[in-house]
Structure formats: C-alpha cells, structure tokens
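Below, each structure is written out as structure tokens.
Consider the two complexes below, in which subunit A is the common component and subunit B and subunit C are the respective partners.
Then we have the complex of A and B:
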C-alpha cells in the first residue's frame, strides 16, 4: 500500500470499524448460529442444516410464505398505482392546494404504527365500526374484518397502502417534477390525450423512479411486521391472528426468537428471508438492466 | 410496510453480543449501580413518584447503591431480558409476567433466589400469599421470583345499559343462568352484552373458569399433554356458542371495547382491574355509571375469571445479593401497602392486603375474593414454556365453534388432539 494513500485509509477507518462491528459481525455470528441449537443461555450445539429444514418444513413457514406471496402480489402493484394516482393528482395542482394535498396524503407516513392500527381497528370493528356503518347504509351485513379469515389479509392490505402510499407519492412526485414540460407540449401538439401523455411520456420518463419505488416496496413488503402485529393484537407468544391468517415471516421469526427462545431457528429464518430478498432484488435489477439496454 | 426496526435490532444485538460470551459483571464494590426495569405504566406519573420514593428509602440504608429505574412495555421487557441474558447486560432487578417465567429461566435471566429468601426473617416470608409464592417455586428449594402485583379478574357492569334493559342492578347475577338471561335482555334492548370472549387466550381461560374445574386448565409437561378434559371443555364451548349473537365482535383488550362500555353500548366487561382508572375517569367526565363484581360461574357457590401475577426477578451476577435486597424491600408489606393504596391494585403481599387502609378499597377487596376462585392463566409456571402454537389453537378453536364450524363436542375433541400434537412437536 503506497504511503500516500494512508491518510485516506485512516479517514475511512472509523466507518469500516463501525461497519465491521455493527454489520459484518452480526451477520457472521447470525450465520454461525443458524447452524446451531442455541437458547441464549446454553452453549450453542451444532445441528447442521436442521434449523433450515425444520423451518422450511413447518406449517407456519408455509402459511407465512403463502400469506406473504398473496400480500406482495396485491400490495406492491396496488400501492404503486395508488401512489402514482396521488402523485398525478397533486402534480396537477400548484401552490397552496398542491401543498395541502401533499401534506394530507403524506400524513399517514408519519403517524406512529400503533396509532394507525388503533384507528383502523376502530374503523374495522364489527357492527359499529365506521366501515360497517357505511356498509349498513347499503344493507350489507356486518363484516368482522379482523377476525374473519376471508377478509383479514385484505383488511391489512388496505391499511398498508394507506400507510405507505404517501411515501411513494413523494418520490414519484419528485420524478414527475423532473420530466421536461416540452415533452408534454410536443405530445399535445401531436394530439395526445391526457391518458396518452401519461402512457407515452410520464410512465417511460418515470421508469427509474418506478423501479426504485417497486424495489423498495417489494423489500418493505417482504419485511412486513408491525401493522399485522398490531392489527391482530399479537405478542411473542401468540401472533398471526385467527388461523394465522395474518402470519408473516418476520413475525414467525420474532416469535421463534423471543417467544420460543429458539435463536438458532430464528437466525436461520433470517437467512432464508435474506436469500429471498437478495434473489428477488437481483431479478429486479436484471430486468431493469435488460429494459435499459433496449 | 415498515420493517420491524426495534425488535430486529434487539435480535441483531443478540447475535452481536452472543459470541462474546457473558460479560463479566463488575466486581461487587461500592458504589453499586442497579438497573431496575418495570412495566411502563409503573414508570410514569404518581406510580413513578412512589417507585422513586421506595428507591430513596432503600438508599438511606444503602447510600452506595444507585438505582436506575426504566419503564418498558410487555414485549420490550421480555425481548430486553432475553437479549440481556445472552449478552451479560441483564437488568439487576426486573419485572415481567408469570407466564413468561419459563422462558426467562431457560435463557438464564432469573437467578434462583431461594438461598437469599431463606435468610430473610420468617416475618417477611410469611407476608406473601402462599399460592402466589408457590407459583414462583417449581421445586421446594427453587425460588425464581417474588410475586408482585396481580389480579383476579372481575366483571365491570354498565349500570345504565342494564337498567335500560329492565334489569335490577341492585344485585349482580348470582350464576351463569342469571347472567346469560341478563345478556339476552341487553341484546334485546339493542346493546351489546359482552365482548367476544373467543378472541383472546385469557378470555377463553376466563370462560373455562365459569364452568369450573380450575385444576383442569394447563399443561402436564411431564407427559407433554394438555390437562383439558374434552367433556368439560365442550361445556365451555357451548357458552361461546350461546354468547356469539350477543357480543360486540371486539376482543376484551380492544380500545373499541372500552369505548363501547364508556359510551353505554356494552353491558359487561370481564377483565383485570387495570381498566378501572379509565372507567373512573369516564364516570367523572361523562357520567358513566358502572360498578364491578365477581364473575359469575355455573355454580352459584363459585366464581369465574382468571388470575395471574407480575413478578420481580433478580438477575444472576455479582450484584445478585444487593439486587435481592432491593427486590425484597419493594415487595415488603410497608411498600406493597402503599403501592396497593396508590393504584387500588391487588398484590401478592397478603399482609399488605390485610392492612385496613388497603382492605377497605373496593377494588382490592373484590380482587382478593376473585383470586380465591380464579383459574391460573398458564400453569404450571417455571416448569416449561407453552409452545407458541398452544394459545393460537385455543382461540382458533373457540372462534370456529362459536361461528358454527364445529359442534362443541367436536370442537373439544379436536382441541385436545391439536394441543397434544402441538405440545409433542
């Protein structure tokens, strides 16, 4: 190493040390524990791939992954469409009203999760909840949104979109502001309708931002935890709601760690989830790369 | 779609700290600093002021000891104690619930304080409720905790709702038959009788106690089988079927349930005494008319409901002796009597409960009576941890039967099979 670079290395050393201690080391030790039976008190006992096979073969994992897949398939596209719609709406206003709409739509993002869940639990309450009251005006019988296995997942998706749409809207709005107005002028001169302008100008120009929002939304969705946890009144010893209709992988992982005190299994669970996230992100980047080459 | 930031960081911390091995606690020497973790509601307002007074009083005799009190929610207490056990950063004295005692023992968070306990004067040891103390003693020479505050479940009645339903509120219902008749009248008047008792494990346990056989609730960890008798449980499930058309659809823990009670839409709320301050405030603010009474049972000579205790535990380590001294101090009669008086809460110090100033408190008096009949939530304690599937199976089964997916007999049989399967695996 040439000595002239020494000051540079010294300057990055604090970061590298912190990165090693707080990122690399936990990852490495988590990987180590994922092959051990460990309850935090006893010495770790090497069990090979037993933690992985036990998780992959468990009914709870199967249920959690099924819930997750359904949740992602609906939440990610619907959430982005909602955010895009809001961004276009806000973008169509200027000045005061633009700020008002932007603030109102962003408000759920800054609301603490427990508060959002409490509000929605009230709204979803059978018979007297706001949603059931409205349904009642149309003669629709009361629905127990949070205790009926047929509706629980959709009830969660609605809350999650409500919570996250504002964040995505702000990102997309920034993308919209960067689209040169002369492109729209040219489209208008060519006789493009408003819908055609969105289809042929807005969406292609937003592609990099949409890619970011999709990837972020996807990774966030894989880690879904707090809203279903709160909506189902979960604790470390009971979580996932009725018939595990709102059981998700991170909840299962936390329950195995702090409820069942099986840290080896929880660590293995974390690595399975990480592998899934990495694989999907790689696919997304590959698709994006191909798209960019065309 | 927010990640589980705080909990995952606790888990990451555990992975980080684990391989370093248990940190060697500082050698016992003056000055000593004790970390003291309590429930979050004990670390605010008047409760915190009294806790700090206890600390000051303890420090008068131990000026070298500094005690840092810290309030945490239920799950944060457990996560912090489990992570702390692995990393050698356990608080010295801490609270938690009896129901997680087995997990805390498994991770080595709780020390056996029996030797220190036996060194205490007989007068101190005799102060505790014997059943509560027995809950902390899985074996004769092993004591994992000092029982602290507790509860025997009681039934809150909205008197206005009952009167509007044409019910005489002078006397509470003497048994299930009378109670059920009142529930039906409430429903006929257009109000809700009860929360949905099938949604929460504790309310299923509470209903089990209504039927009786309090010893039949729980797990036999030797045989890895549930103690629940299908014939008895079928009767419990029938109660859920009977209550299904009368309930609000919300669980007993929902904020919506309390709001329904406060706004005169709900007649009965079977729960612990911790909701009383909320209802008392509503009585002052909006004229809520309510009282509380023992939970009726099938048999008029008994009562339903559950009981449990919060515990004070002491971490292993070189501070263990002084930590136990502090734990013993805060659980001693004088402190427990003041604590009970402030909170109007029942606790495990029977001598404190017998103090005239405490015994005359209506909520405490009712709780003392309730505890005599109530069923333990998750017995036996400190023997084995209930697997996570256990609670879910119980509530799922109760909901399914209440919804008509199974008959009570079928449900009871299925429940026992599923619970035994869960325990075996």
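Then we have the complex of A and C:
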C-alpha cells in the first residue's frame, strides 16, 4: 500500500469499521447460527440444513408465503395504479392546489405505522367504525374487517395502499414533471386522445420511474410486517390474526426468534427471505435491462 | 395547400397582452416566415394557428373554414417543433406513423406512407433507429417526415433549425427550400434569425411586442421598411441610424443639418415633407456608406472615429463612432481599410430613409 494513499484509507476507516461491526458481523454470525440449534441460553448445536428444511416444510411458512403472494399480487399493481392516478391528478393542478393535494396525499407516509394502524383499527371497528357506519347507511350489515378471514387480507391491503400511495405518488410526480410538454403537444397534433397520450407518452416515458417504484414496492411488500402486526394486535407468541389470515414471513421469523426462542431457525428464515428478495430483484433488473436494450 | 386568413387576432395571458390586432392573409403554397426578437409573440401566433393555444379574440380561417374551435388534429396542420419532440421510445418509423396509427389507418397503409415520406427525406436507412441513435439533422428530418405523412394543408415550423450547428443549418435551409418546391405546400416558419427568414421566405412577417410591424416580400422589407424597427431588424450588419435636425423645408427638397452631431448639412430631394417635424433619424445601410479617400473631401462626407474593423476577406466593415454618440458601420468592398484613428465616410443621400421621433417612416409623397 503506497504511503501516499494512507490518508484516503484513514478517511474511509471509520465507516468501514462501523460497517464491519454492525453489518458484516451480524450477517456472518446469522449465517453461522442458521446451521445451528440455539436458544441463546445454551451453546449452539450444529444441525446442518435442518433449520432450512424445517422452515420450508412447515405449515406456517406455507401459509405465510401464500398470504404474501396474494398480498403482493394485489398490493403492488393496485398501489402503483393508485399512486399513478394521484400523480396524474396532482400534475393536472398547478400552484396552490397542486401543493395542497400533494401534501394531503403524502401525509400518511409521514405518519408512524402504529398511528396509521390505530386510525384504521378505529375505522374498521365493527360497532363504532366509520366504514361500518357508512355501510350501515346503505343497509349493509356490520363487517368485522379485522377478524373475518374473508376480509382481513383486503383490509390490510387497503391500509398499505393508503400508507404507501403518497410516497409512490411523489416519485411518479417527479417523473411526470420531467416529461417534456412538447411530447404531449406533438401527440395532440397527432390526434391522440387524453387516454392515448397517457398510454403512448406518459407510461413509456415513466418506464424507468415505474420500474423503480415497482421494484421498491415488491421489496417492501416482501418484508411486510408492522401494519399487519399492529392491525391484529399481535405479540411474540400470538400473531398472524385469526386462522393466520395475516401471517407473513417476517412475522413468522420474529415469532420463531422471540416467541419460540429458536434463533437458529429465525436466522435461516432470514436467509431464505433474503434469497427470495435477491432473486426477485435480479429478475426485475434483467427484465428492465432487456427492455432498455430494445 | 391551403389559404390562411387571420383577422383581428388578439391573445392575452391574464392582463398581459402578447398579440394584438394581427391581420394576415397567406396564399396557398406560400412560404411565410414569422420573424422577430424573443418574446415578440411569433411562436404564440404559430401555436394559435396549430390549435395548441387558443386566441382571446379574432378569427382564423383555413381555406375559408373557421378554425377557432377546431381540435388541433382536425385542422389539417402539422407542426415541427424546435426540440423535434420525437417520442424517444419509438423508432423513426413509429414516430412518423404515429398520427396515422391514431387515425386507425391500416398497418400496410401506414408502412406505405412512412416509406414514401422517408424516401423524400432520404431516411430509408434510418427508419428502425430510435431518436437517441440519430444525429440532430436526422432527428429534424424525422420530425419533418412525421409532418409529411399527415399530408397537412399547412406545415408549421417552430424554430426547427435553432438546435443545429451553423453548417448543418445552412444545409437544412436548402433542404427545406427544396422540400417546399417539391411539395408545393403552404408553410409557416418561425425564427428569430433574420438571415434564415430572408433566405427561406416568400413573404415575411416582422413582429415586435405582439404587433405585426410589416408583412411583405423579404426584399421589399429590406428596401422599403415601414418603421425604424423593421429597418433595424432586417439586414446584417444592421442599418445605421443618424440623428439630424430638419433645416430648410421646400416642396421638393429638405435640408438636414447637424447630422450625427457633426456640422454636416445635406440637401435631399423629398416631396411634401411635413414642416412640423423638427428632427429625424436618417436610416442608411452600411453598403450605402462608402469609405472616401482621405485626400479628397466631398460635400456628403462625414468624419468619424474608428472603433474597430471587421475584415472578412471579401468585405470590410469599419465600425466608427460619431460625435453624436451613434455607431456608424461603413462597408468597404474594393478599398481595404489602411488604418488610422479617423475615417471619412461618404453618405448617399439618395438612399436615406427618414424616420420621425416615434420611429415611423416619413415617405416622400408620390408625384401626381
């Protein structure tokens, strides 16, 4: 190492140290424990791939993955469509009203998750909730949204879209503002209707931003935890709601770690989830690369 | 090909008037150039014709049909934008055929029309490329191709060459002239470059402050401008303007004195000069001012301090400061400037254009 580079290495050293202690070491030790049976009280016992096979074969994992798949398939496209709709709406206003709408739609993003969940638990409440009150006006009987296995997942999806739409809207809005107005003018002269302008100008021009929002949406959805945990009033031993209708992988992992005190299994769970997220992101990037090459 | 009539057109953005009292008649097949400085309203006028902008009052007719409330796509106009406005995610062929696709024409028809336009513009080999894979000139040709496939009655060009380098601009100008000749279409072209306007136009509309200053053939505007703005805007280098006091006024002649702060007084033939006008500005183009030999003083000569000299090879421009503060540009074709701090400029009073203090042209009355 030439001495003249020493100051450069010294400057990156604090970060590298912190990165090693708080990031690399936990990953490495997690990887180590994922092959061990360990309850934090006794010494870890090597079990090979047993933690992995046990998780992959468990009914809870199957349920959590099924819930997750359903949740992703609905939440990601619906969330992006909602955000795009809001972005187009805000983009059509200028000045004061644009700022008002932008702030209103962004507000849920800055709310802490527990607050958002509390608001929605009130909204969904069977006896005094706003939604059931409105349904009552139309003669529809009260629905226990957070305790009926037929509605629990959709109730969660509504909350998640409400929470995330503002964030995606702001990103999409920035993308919309970057589309040159003369492309829309050219499209108008070419005879494109408003809908055709969105189809042939807005969507293709937003493709990189939509890709980011979609990828980010998928990664966030794969890690869904706090809102269903709070909506169902979960604890480390009781989670996932009625009949595990809102059981998700991260929740399952938490339960195995701090409820069942099986840290080895929880570590293996973490690596399975990471592998899924990495594989998914790689597929997304490959698709995007192919599209960009066209 | 279409005739275009604009009557009493006005446009305001809120309280700000950007166009007022525009009246134009453009004949079928004419190449008309709107020219003027930035912010003069020329692009707004073009956008009103295209339908992208609405007018506040007035009327626009294309081939006699009122177009005020007609959708942009239905007006029979096609526009070429300054930025080209090509869809970056589409190939050149898809860009050119987009309007036909929107009009639900069949794929073979679209292919045929695109191929025809591409052959006119020599774009055949580039049809499968995306805009990012094209040069500036090629992009511009695709943008023109997109207009051609629509077979519009009127082509509208909004400063289409301003993003190109000087050499390419000259070449594209020639291509546009050739295209106009071949298509015979009515074309309206916006530019702030008066040289571009002079070279392309059958007729020019000189605009300033949202008002049409003059409409006519390029050389008519050059030789016979209606006001000081047009006189100063058309021509490069610009026309010289020299202040003068009006002296003796006779039915057939007028004497101008204190020209540009010198003691020079000149008598020029002028019929019916208004004796109420006490001061004028003389407009004279640089080619009508000659460099006089220093040893031979003439009655029409004025002396000036040389500020700097532009030697362009075939022609030399001497920029000189007059005692009155005006800048005088002298064009010297044959005689090269031999140096020295002062020069003697010989004016040709027969070429004088006179402007009153408000900038209006004072014309000699015609003989009955």
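Basically, the second predicted complex is superposed on the first by the 286 of 294 C-alpha atoms of A that agree within 3 Å, B and C clash if a C-alpha of one lies under 4 Å from a C-alpha of the other, contacts with A are read in each partner's own complex, and residues count from 1 in each chain.
As a working rule, contacts are C-beta pairs under 8 Å (C-beta built on N, C-alpha and C of every residue); 3 or more make two chains touch, one makes a residue touch a chain.
Quantities reported herein were computed from a predicted structural model and do not represent experimental measurements.
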item	value
When subunit B and subunit C are modelled together on subunit A, clash or fit	fit
Subunit B versus subunit C as contact partner of A:220, first or second or both or neither	first
First (subunit B), second (subunit C), both or neither touched by A:201	second
Which of subunit B and subunit C A:29 touches, first, second, both or neither	first
Partner chain in contact with A:127 - subunit B first, subunit C second, else both or neither	first
First, second, both or neither for A:186, with subunit B first and subunit C second	second
Contacts of A:39 with subunit B and subunit C, given as first, second, both or neither	first
Overlay on shared chain A, then closest C-alpha pair between subunit B and subunit C (Å)	32
Residues of subunit B that touch subunit A when the two form their complex	1-4, 7-8, 10-16, 18-19, 74-75, 78-79, 82-83, 85-86, 99-100, 103, 106-108, 192, 196, 199-201, 248-251, 253-256, 259-260, 265, 385-389, 391-392, 395-396, 399
Of subunit C, residues touching subunit A in the complex	50-52, 72-73, 77-79, 81, 83, 85-89, 98-99, 102-103, 146, 150
Subunit A residues within the subunit C interface of the complex	180, 182-183, 185-192, 196, 200-201, 204-205, 207
Subunit B contact footprint on subunit A (complex, rising order)	21-22, 25-26, 29-30, 32-33, 38-41, 60, 75, 79, 113, 118, 121-122, 125-129, 142, 144, 147, 160, 163-164, 217, 220-221, 223-227, 229, 233, 235-240, 242-244, 250, 253-261, 263, 266-267, 270
